[in-house]
Structure formats: structure tokens, C-alpha cells
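Structures given as C-alpha cells follow.
In the two complexes that follow, subunit A is the common piece, with subunit B as its partner first and subunit C second.
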Partner chain A sequence: MVDKVKVKERESTLEELREVNDDLRLPSVPEKVSFPIDVVTPEARTQTPAVGQRASRPDGRMHGLGQTKYIDDMSFPGMIYAKIKRAGVAKARIKKIDLSEAEKMPGVMATLIGSEIPVNSFGPSYQDQPIIADKLIYHAGDPVAAVAATTEQLAADALEKIKIEYEQLEPIFDPIEAMKESAPEVHPGQGNIYSSKIIQKGDVDKGFKDSYRTYENTFSTQMVEHVPMEPHASIAEWDANGRVIIHSSLGRITLGRADIARTLDMPINRIRVVATVVGGNFGGKNEITTEPILALLSRKTGRPVKGIYTREDEFMSSTTRHPFIMDYKTGVSEEGKIISRKVRLVCDGGAYCSWSETTLGKACILSAGPYNIENLYVEAYAVYTNKTMTGAMRGFGAPQVCFAYESHMDDIARDLDIDPLQIRRINAFHEGSASPTGQVLQSVVVKDSLDVAADRFGWEEWQK
Partner chain B sequence: MDVELIINGEEKTASIPPETTLLKLLREEFYLTGAKTGCDVGDCGACTVLVDGEAVNSCLMLAGQLQGRSVETIEGLANLEDFHPLQKNFEDLGSLQCGFCGPGMILSAKQLLEENPEPTKQEIQDAIAGNLCRCTGYTKIVEAVADAAKEMREEP
Partner chain C sequence: MIRKGKGIGCMWYPIGFTVAANPSAATVKVNEDGTATLLTGTVETGQGSLTVLGQIAAEELGISTEDVHVVSADTDATPMDTGAIASRTTYVTGNAIKLAAEKAKEILFEVAAPMLNVKPSQLEAADRKVQVKGFPQRFLPIDEVALQAQFVQGQPPIGSASYNPPTVDMDPETGQGKPFSTYVYATQIAEVEVDDETGDVNVTYMAAAHDCGTAINPMLVEGQIQGGISMGIGFALQEEMLFDEKGVQINPNLTNYIMPTSLDMPDIDVDIVENFDPTGPFGAKGVGEPTAVPTAAAICNAIYDAVGVRITSLPATAEKVLALIKEKNEKDIKQLSPAE
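And now, the complex of A and B:
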């Protein structure tokens, strides 16, 4: 054995041998974001007695730093994007859906139509809404197909290639017309009035006879979209154990989870819904929208699928505030005391029930106003039309009827030449008054509130 | 196509398809998700950022137009020591509720305060006219901007 081996001197560095470009070693990390490391709690957040103090929010700092992560701010490895094709016709029968052109497009990974959804119906009261319309179109915002592609733009382009043949049917848009027996049915075989309620107290006809004067008027309110600044958003990921994780902007995740389980025909324990900060809900994010679609697209592709509503989707297909048509008839004494009131409410529910039942009930109970009325009759109907569906929105029917009964009160006061504040004081609930449905009311401060408010904004002055 | 620009004071380059908007560039290439997509058509102001100091709707600007220009996003406002006075006052007054409009709102206000350190209520309202907020009713936002202006005048 030789003592010493002569080793050839290495001439190049290891880096050179490997031909490594050092720039490529830089990790691909998100941009740096700075915020102060020492956490200072604002004064407002350290106050314990809440009443009379300024309110702030625990997440306010994150919002201002742009650090709050809404659904659209999240992404997962391998994530793809879904877009929804909408009908664009108010009522029709689907004759044929041709997805072949869309499926051929580069980047398109999967498509989905209504017949592929295990249980294609949902809704918080009645299950009358399809996830994706498969046979009939009930309103122009109905989804008819979905596409998942590697980018949002490709998914949107693919929607253009989907060809659908419709047989146009006669739609109905006016809720009063829709109540008639001869009206075309929105949901065939079901009748357009899907919920009705009556409240009866005393004898209205006798009340009207005993009245000094009676007044009649019709009030109507329009459809209102919530327009949350953050559009509906979800990301679904189907895993190898057959479970699905859904990050969603849903406000009512427990209800949503049950609906997702039902529509996917899966036990609820296989569905995990992760809620995050919601960029405005106002009632419009109380129900599922595309979650089951994204889940199924994820199963088809083995990838996380993100679906964000465009603002157009939002206006066309998310829920809205119910338009109401409200007939009021009121009999009063010479002093302005309400003797008798009759109310008929027609709530235009759009294509699906959603929360119309709840809305109708609340509107009904509140429709007489916060006033003591011996003789009362209220009838209320929720009606299907081929329009964007209505659903939960702040107040659940209360703002609509409030607009009607207060406008009505003003009309009466003007005609009787009574101060509008006074006519309300004469009739307002007091401690122990009974609501239209017989509930005895406690802690009633309507009159005090009116007086304080009138005093603070200078009612007397304003009257001059 | 390639674009070189300055984002929050740092030089950056990106290779992007030509139809990429500034909003997409920030959110998807640089993970700066502070600017939000509210409408993607220039109506809501949730995507507001400052380009060469001027508030713009980043959803309406193509990334290609940014060649050589300087962009400031909400992520560039605070540093390791302190918040921007606007951020501090927005937090203290509880000016934001869901917060989705916040980053855009604050950047519009920042441009205002740089040009006009002593704005009237009307001037503040005009400056944020392009930034919709559906939650707050704007009252606390206007107050926070006024308070921040005061603070910045006192200790510049």
C-alpha cells in the first residue's frame, strides 16, 4: 500500500460544478409586511363597562393593516378556479347542454351540470331551489353549468363555449298577477302562493262602522340587493378519505353544513366548514350557494377549487330583500285614535322560498305598528315569481311594513289636522299593551323614546 | 411580458400575461392581498392603491402600464415601530366593521392628507367618494381621517 495518494487538485468550486444559479435558491416567499411588533391595546378595548363607552373591534387593527384574510385572500397548492354559467332567461325548459367545446379548451379541468348533483335541491324552509338547474329554469340567475380551470380567466372564457338550448316558457313577474288562479305556475303543480298567514283580533267590520273616518292606501317597496363589499366566496377541497373541507364566506355555517351534506348525500361528519371573517353579510350569506358545486368539482379534479362570485353573479343570483305590496285600511275616531285596521301583505318571493316564510311571519306581526288596535285583521301571502329570489336581509320584513304603517299614519294625521307626533302618542303601546298576537309587552318606552327624540332634534321648532 | 416596478419602495419584476391587471399582479404575483376585489369594474374602490402617490382603482389598470412606476399598497404603510396615524385612528374609533373597504379607504385618505393636511369634512367626504362601504355609514371613517390629519399636523 502506498503511503500517499496523489489527489488531483479541484479546480472549480462546488457551485460551478453543480451549475447552480444562486438566484434560484432565493425562497419564493410572500412579500414582507410590516406592522409594529409591540402590541399596544387601544384604550377603547380596555374599558370594561361597555355602556356609554366608545366601541372598537378586536379585528379592527388587522383590517386597517390589510392583514385580514378573507376567502379570496387564501390559496392552496394546486388550486384551480370555478365559474358558473347562468341561464339569462327567466323561465325555460333545458333541451340540451353541450359542454364539448368548453371541455376541449386548454386549462379546463372539469365541468359540472345539475344531473350530476346527488340531491339537487335545497333551501332553509322548503327545498325548492336547485344547486344547478337541470330541467327547468326558474329565474335568469339560475346556474346551468359550472367549469373549473387552471385560471379564473380560462374558466370565464370556457363559459362562453357552453351551448345550451332552451324551450322558452311564459314567465310571470307581477306577484298580484301570480296569485290569480289562471296565472302560469312558477313551480309546476305547486301553485304560486306558498305561504299565507292571518292574524285576527276583535271585529274589523264593526270597528270600521264605529269609526269617524276611514282611510285606505296601497304601499309598495322594491327589491334590494345586499351588495356586500366581499362577493360570495368559497374554496372546497375533497380529500382521499372522502371528506371535504370547505372554506366559505357563509354566515350560518351550521345550517350550511347540513345543506351541503344533504345535497352531496353524505354524512355530515364528512363535511368540514371553515368560516372566516366575512366581508359583509347583511343576511345575504345565510345560505349555501356554490359550495356543493365546488366540492364536486374538487372531487372530479383532485384539486382545491376556488369559486368567487363576480359582482354580476351577486346581483343576478344571490338573495335580495323582499318587495312587498301592502294594502292598508284604517278607521279612526275624531281624536285620531285607531279603532280598526285591516292589512293585506303580498310578499314577492321571487323564484324560491328561502326565508320568505320567516319574513312573512315577522312582517305580519309587526304590520299593525307599535299601536294599540282593538280590531285588527291581517292577511299575508308569499308568492313565487320568475325573479331573483328573495331571502334574509336585515329586518326580515320589518322595514317594509314600517314604511307602510308610518306613511299611513302621516296621511291620517294630515287629514285630521293632528300633529303627527301627537297621533302616535295617542295610539302607541304602553306598559302591558298586548301585541297583535296577544303577547303582553313589558319595558315599553315608545312614548318616552318619541318624546326624547322629538326634544333632541327640535320637533317644536321644526313644526313652525 | 415582463414588468419592472417599485412596490412599497422595493424594486420588483414579474412575468405576466398581458391582460393582468395591477390588482391581479399585486394579489397573485406578490401575495399582497390587502387590495381587494369588490367589483373588478371600477365601481367600488376596494382595490384602491397609490400609483406615484395618486389613488387609483387597481382593477382598471393593466400591470403593463406600471413599467418603471411606483406603487404603494396598504402593506407598506406601517413599519416595525409604528402604525400609520390613519391606521391607528381607524382602529381606535372602530371605523371599520367587516373591513373589506378599509385598505382602499385608508389609501384614498392618505393621498388626501398628503395634499391637504387640514381637510374639511366635505373635503374628506369627497376624497373617499370613490370608496364604497356597506357596513359603517361612513361617520366614523370621516372622523378617523380628521383625527389622523390633526395628529399628523401636531407631530409630523
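And now, the complex of A and C:
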């Protein structure tokens, strides 16, 4: 009985507190939140068969309530913060890095430069990218040093105290210029064209001769960023057995772990990579970025180290979508059937290869469009320039070539006075079509997709 | 004056890596109450992949999505996966999960067969039951079978499997080969309004018809398509990283790098084109990347239809569109003037 009274008393006090008394200006007490909140399971999740159901996502409720824990929401005892100094020059030789002023600052616990990284290179196709630039700067967003401090602000302030002397070198930014023999080399001794692809099918020259008309145009696209809502983020922490745990926003943890092991020169089984729910990837989080830096800063200090990219870091030093320059020449019959096509693709590969090799390959194969073309010749080049590196991004070169082949298609249709929908129907792949690489295609529904979209849009009835 | 136009963008896109191996492995454990736990090394990057993968495991085991808990993305606990890249998760990881679930199911069938007095090959899993094919009245609840398997037969129903899409090397001189296991196809049609006095382009409507094989979860497919279109609009009209003459980016912030917001989004109608790919899990392929592919093409073709100018370099900013309109008008006037 006594207990009950006590509880009652306390409840009434809380109730009073909750009512804001203007005279006393008592703080209001927030609503009590208890977990787990009763979860209403939508029917689509409980039904069988499961395939085809509009089942809601288990993380949807967390997102809705703002309860999802991203890396930046995570904290560990004693955790410190890392920031990265960017070069700010597009091409240079590092003459001297003076960290003394930064290291003297109270709160700064460790610094790191490229020469301290056991294996200072990485990359999915070619290992041409340093974790921290140690000799040469290849683009303005290159990291040159890292600082770990007790607060983010202190770490950012310490970056200002780092003094770096550069010997400026001649940069090159235009991919077409960079292809010339006389162009300065981005990676000395390597040549600027670092990947090329060819697809050849039939005889294009004969095809052009047999064509009713031929059309030519050049298309180009720009560099864009993924802009995920959550920037690149990681936390590294060592345990007493010499294992490092890395919480990361990586989208490919298995291969990321292998890259981290290589750069740290450690056995793979001593590294644990844990990914959280990633706040947007779009291809930009397919490679390691700061993970080895944070791991080394954590080993130096014995503290968990968190590193979150600023939006500026995200733009300047993460991968981007490749700018393409695309030359198209197409020969068609009087009825609008494509007889022959020649394509030349130049992809501005930025300072490092990253996923350019793959992007170039996919763009090359896809550049003919979803159309039956008997005579096809595609040549494609990836070129180094002293710009932010380009890499994986939703579509791997496909949005670029699609913009070109579809714009080109409409130009042809207009000139021949054929409806744009019709010219695509005439040329579209069908079940069993051979792709530009000679692959027999299955489950092909190009025409169906054209018809469904045209019906939905009301293509025939539509009026200006 | 506001001028309206319509334009088509049609595309094809492959699933998985170009020739290179990109395997996924998975483990499916059926618990003693008939629920299941799925271990996968892929990462949820916001697209809802874990939900789809759970649905694939559930379908194979004849249980519901709610009965499957997905554990993902911890290199100490989950098996190898090439990751959330190349629109491969539903197809490649999905196939691995289907195979792993099949192995766990085989153990359930072995245990259930003598209980039902039939051969394991005569059994199927559906509606949380292990039942006789063609005679569904003869069944056992899956929890009963799972409990029997684990605690009586001592055979916990666990399955692990991996999948790698079959490819054929490309010839280095002609590029001939089979670089991908399968492809998806799509068409987007845009309606735009172009102000011919300012060059401003407003996308007012998009019809998007996408093939993804079987849509494991139509709602998530629609979400992907809507997201892809927003990315495509940015690529078509607004976004561009700009550098000064020294190679330093001049707009590394969201004030000067303009992205589409919800207010820039047109009305979108999404259609999922009916299809079934025999090599995919339950006929599924993928949908992630292709959604962002044909949007810019459709928009630029619609601009051409509206004002008769061909955009050859992206993005089609108002400045660029207006300059092209002016150029065209001058040319048209010249053509009207009498020949000398």
C-alpha cells in the first residue's frame, strides 16, 4: 500500500511539471518514449506467397521516427575526430610538409601523412590512387595530411596550421587535349590514355555505302556528383588483440575489407568492417576513402577515431560521373532502319582510374542503343586529367551514351519524317536479337516498354 | 511564350559486372519455430534491397516476409558479397539466397517425408506448411517440421550457397563475347514546357515503363524509378561541377551546385513491364541504375519537340536553351529574307 501511494505522489508531481507555469517558468517535461513501440505489421508482410507483395521495409519505421543510426549518430567512449587537408592545387610536387604548428595545438592528438601508410595506393582496376598524396598531387581535392583532435572544430582549425610547400607543375584539364602526344602526363611515364575498348561487328564502311542517308553529330556531358544525403563516414577502433573494427558507410564491405588490409599490410581476418544503413550510395561509396587513415590515427592514439566528409570534401575528393565526348555517325535506310553506326567515345577519367575501366566498357557495349545494328564499330578511350576522379555512378556511362544515341535517333526520325516512336519500333531488339558483342539476348521487352509507355503517355492523342 | 513538347528515351542496361566475377554468397537458417534468419554481406543503401532479399528467402521457404529476419553487412558475421553495385543485388545476391534457402528446405523435406509417408521430392513448401504436391490437404506446419529437424533428428535446417553470373570473355580486338548474363529494358517519355523567352525548361510529366523481370516488390521498384527520374532530371537540366582555370572546383556546395528538389519533380506514372527471366530468382532481374538512364534523353528530345533546338551538351540550362533558341531564330529570319 505504501508503495502505491509513493507512485501516485510521483505521478502527480510529474503531471504538475508538465503544465508550464508561466509564473514559475518551469521547464516542460517531454513525453515519455518507451521502446519497443508497438509495431503494426502491414498485411503485405505477412502474406504468402511473398514474391510480388508490396511489403514495407523494416527500416522504414526507423527512418520515419528519426531513429535510424547513421555513422554520425554513433559515439564511442574517448572518441576523437579526424579532418583531412586538401591540396588545393591541381598538379604539383610536394616539397615540404610542416606539421609542427598543428601538432603543438592543444587537443590535437595525432597527424598522418602519406609516407606513414604501409601501402599507399588503391583502386578497383589499377592501384593508381594514393590514400594520402605523398609525392605528387594529381588533382585539387587530393588529401595531403590528416589530423585527429578531441573535437571536430579543433581538427578543422589544426588543418589551417599545416604548411605545405609545392612545386607547381603544368596541369591538363581537357580530355581531348590530354590525348595528344605533346600533352603533359598526369601520371608521369604512363601516358594519359589509360584504357581503350573496341567493338566491331560487320563492315561499317560498306554499311555507310549501302545507306540511304548518313547522319553525324557530337554530344557531350558534364561532371556530376552523387550527392548522397549522408556523406562518406567511418569510425575506426582497435581492440586489445590488435584487430581493428571499422564502422563504415561503404556499400561493398567484403572488397573494402580486402583493400583496407592491403593498404594497412595486415591479414584480412584482423579487420572487421561493419556497415550501417547507408544514407545514399548511387555508386559513390563503392571504394575505400578514409578508412585506412582513420585506422592508422586510431592506432597512433589508442582512441576510436571518427571521420565524416564535409559536403565540400564530398564534391572535391569523392568520385563523380564521367564527362563524355561522343561522336556518332549513323547510316539508315529510307524506311528508317539503321544499317551502320560508328561511335567514338572519350571519357574524361579524372586523376585516377577508379571505376573508369568498367564505365568505359559498359558505355562501349551500350552505345549502340537497344537496336539491331548489323554493322557497328565503337572505339572508346578513358583519359587522365588533373580533375576530381570519376568513378562508379548509377548507370556506369549509360546515361551519357543514352543521351547521345536517343538524341541522334530523334534527329534521324525528324529528317526522314518518321514518328520517333515508330523509328524505335522498327529498330528495337527482339527476343533472340544479337547484341553488339554477339550475345543472344533473352527476356527482351524493348517494344513492350515502348508500347506501354506510349499508351500511358497517350503518345498518339497528345497535343501541344 | 510557353511551348510544350514530348520526347522519348529508350534504353537497355546490363545486370552485374562486365565479364569479371562478381559473386554473392548467402546463408539461410530456419529456426525451430519456422521463422528464418538470412545472412548476407550486401549493404542496404536506401533502396530496400534487404526487404527484397527477405522476400526471396520467404518465397523459397513458403513463409512470409515477416518471418524472415535479415542480418547484413558485417564482415565478421556475414558471407562474401560483391556489394550494392551494378544493379546486381536482386539478381546475383537474390539467386544465392534462393539457392541457400533451397538447401535449408531440402533438410526440412527430408525430415518431413517419413512423417507424411511420401518421398522428399513429392513435397513443396507453401503458406508456412510443408505439403504434398498435388495433394495439399496432406501437410505439416513448417514450425513442427523445423522443430523435429533440429531437436529430434539433430539436423538443423541450414543452407549456404553462392552464385556468380555466367559470362564469356570478350575478344580484345572485336569485343565479341557474352559480358553479362542478362539485360533490362525501359522507355521513359517526358512532357516539358519550355519558355522560349527565358529558356527555362519545366518537366511536367513522365511516363516510365521499366522491365525488371519479375517485380519481387512492386512498391520498391516504383520507388527506384521515381528516384532515378529525379537524378535524371538533375543530369538533364541543372547539375554540373564547375572548375576554375587552375582546376579548383568553384561550386563544391549545395548553394551553387543546383540539384532538383521535390518541387522540381513532375507527375510520374510508373508501369512495370511484364516479364520473366528464367535465369533470375523467381524471374527477377534488377532495376536500380536503369531508372536514371533514359530520363535526360527523353527530356532533351521533348525540348527539341517544343522549341526545335537540339541540345548536344548537358546540362540543358536555361542559358544554353535560350542561346540555341536565339541562334535558331536568327537563322530562320535569314532564310525568310529574299535571296540575293
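Everything below uses one rule, namely that the second predicted complex is superposed on the first by the 414 of 464 C-alpha atoms of A that agree within 3 Å, B and C clash if a C-alpha of one lies under 4 Å from a C-alpha of the other, contacts with A are read in each partner's own complex, and residues count from 1 in each chain.
Convention: contacts are C-beta pairs under 8 Å (C-beta built on N, C-alpha and C of every residue); 3 or more make two chains touch, one makes a residue touch a chain.
The structure displayed is predicted, hence computed values, not measured ones.
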Contacts of A:308 with subunit B and subunit C, given as first, second, both or neither: first
Partner chain in contact with A:59 - subunit B first, subunit C second, else both or neither: both
Partner chain in contact with A:227 - subunit B first, subunit C second, else both or neither: both
Partner chain(s) touched by A:271 [first = subunit B, second = subunit C, both, neither]: second
Partner chain(s) touched by A:69 [first = subunit B, second = subunit C, both, neither]: first
Touched partner set for A:361, first subunit B, second subunit C, both or neither: second
Contact breadth on subunit A, by residue count: subunit C or subunit B: C
Touched partner set for A:280, first subunit B, second subunit C, both or neither: both
First (subunit B), second (subunit C), both or neither touched by A:394: second
Subunit B versus subunit C as contact partner of A:209, first or second or both or neither: neither
Subunit C-contacting residues of subunit A that also contact subunit B: 44, 54-57, 59, 227, 277-282, 311
Of all residues in subunit A, those that touch subunit C in their complex: 41, 44-59, 88-91, 139-141, 171, 173, 197-201, 217-225, 227, 250-257, 271-283, 285-286, 311-312, 314-316, 320-321, 358, 361-362, 364-366, 369-370, 378, 386-388, 392, 394-396, 398-399, 402-403, 405-407, 410-411, 414, 420-421, 424, 428-429, 435-439, 441-446, 448-450, 452-454, 456-457, 459, 462, 464
Contact set on subunit B toward subunit A in their complex: 7-8, 19, 27, 30-41, 43-44, 46, 73-83, 86-88, 90-103, 106, 132-135
Complex interface listing, subunit A residues touching subunit B: 30-31, 33-37, 42-44, 54-57, 59-70, 72-73, 153, 226-231, 277-282, 308, 310-311
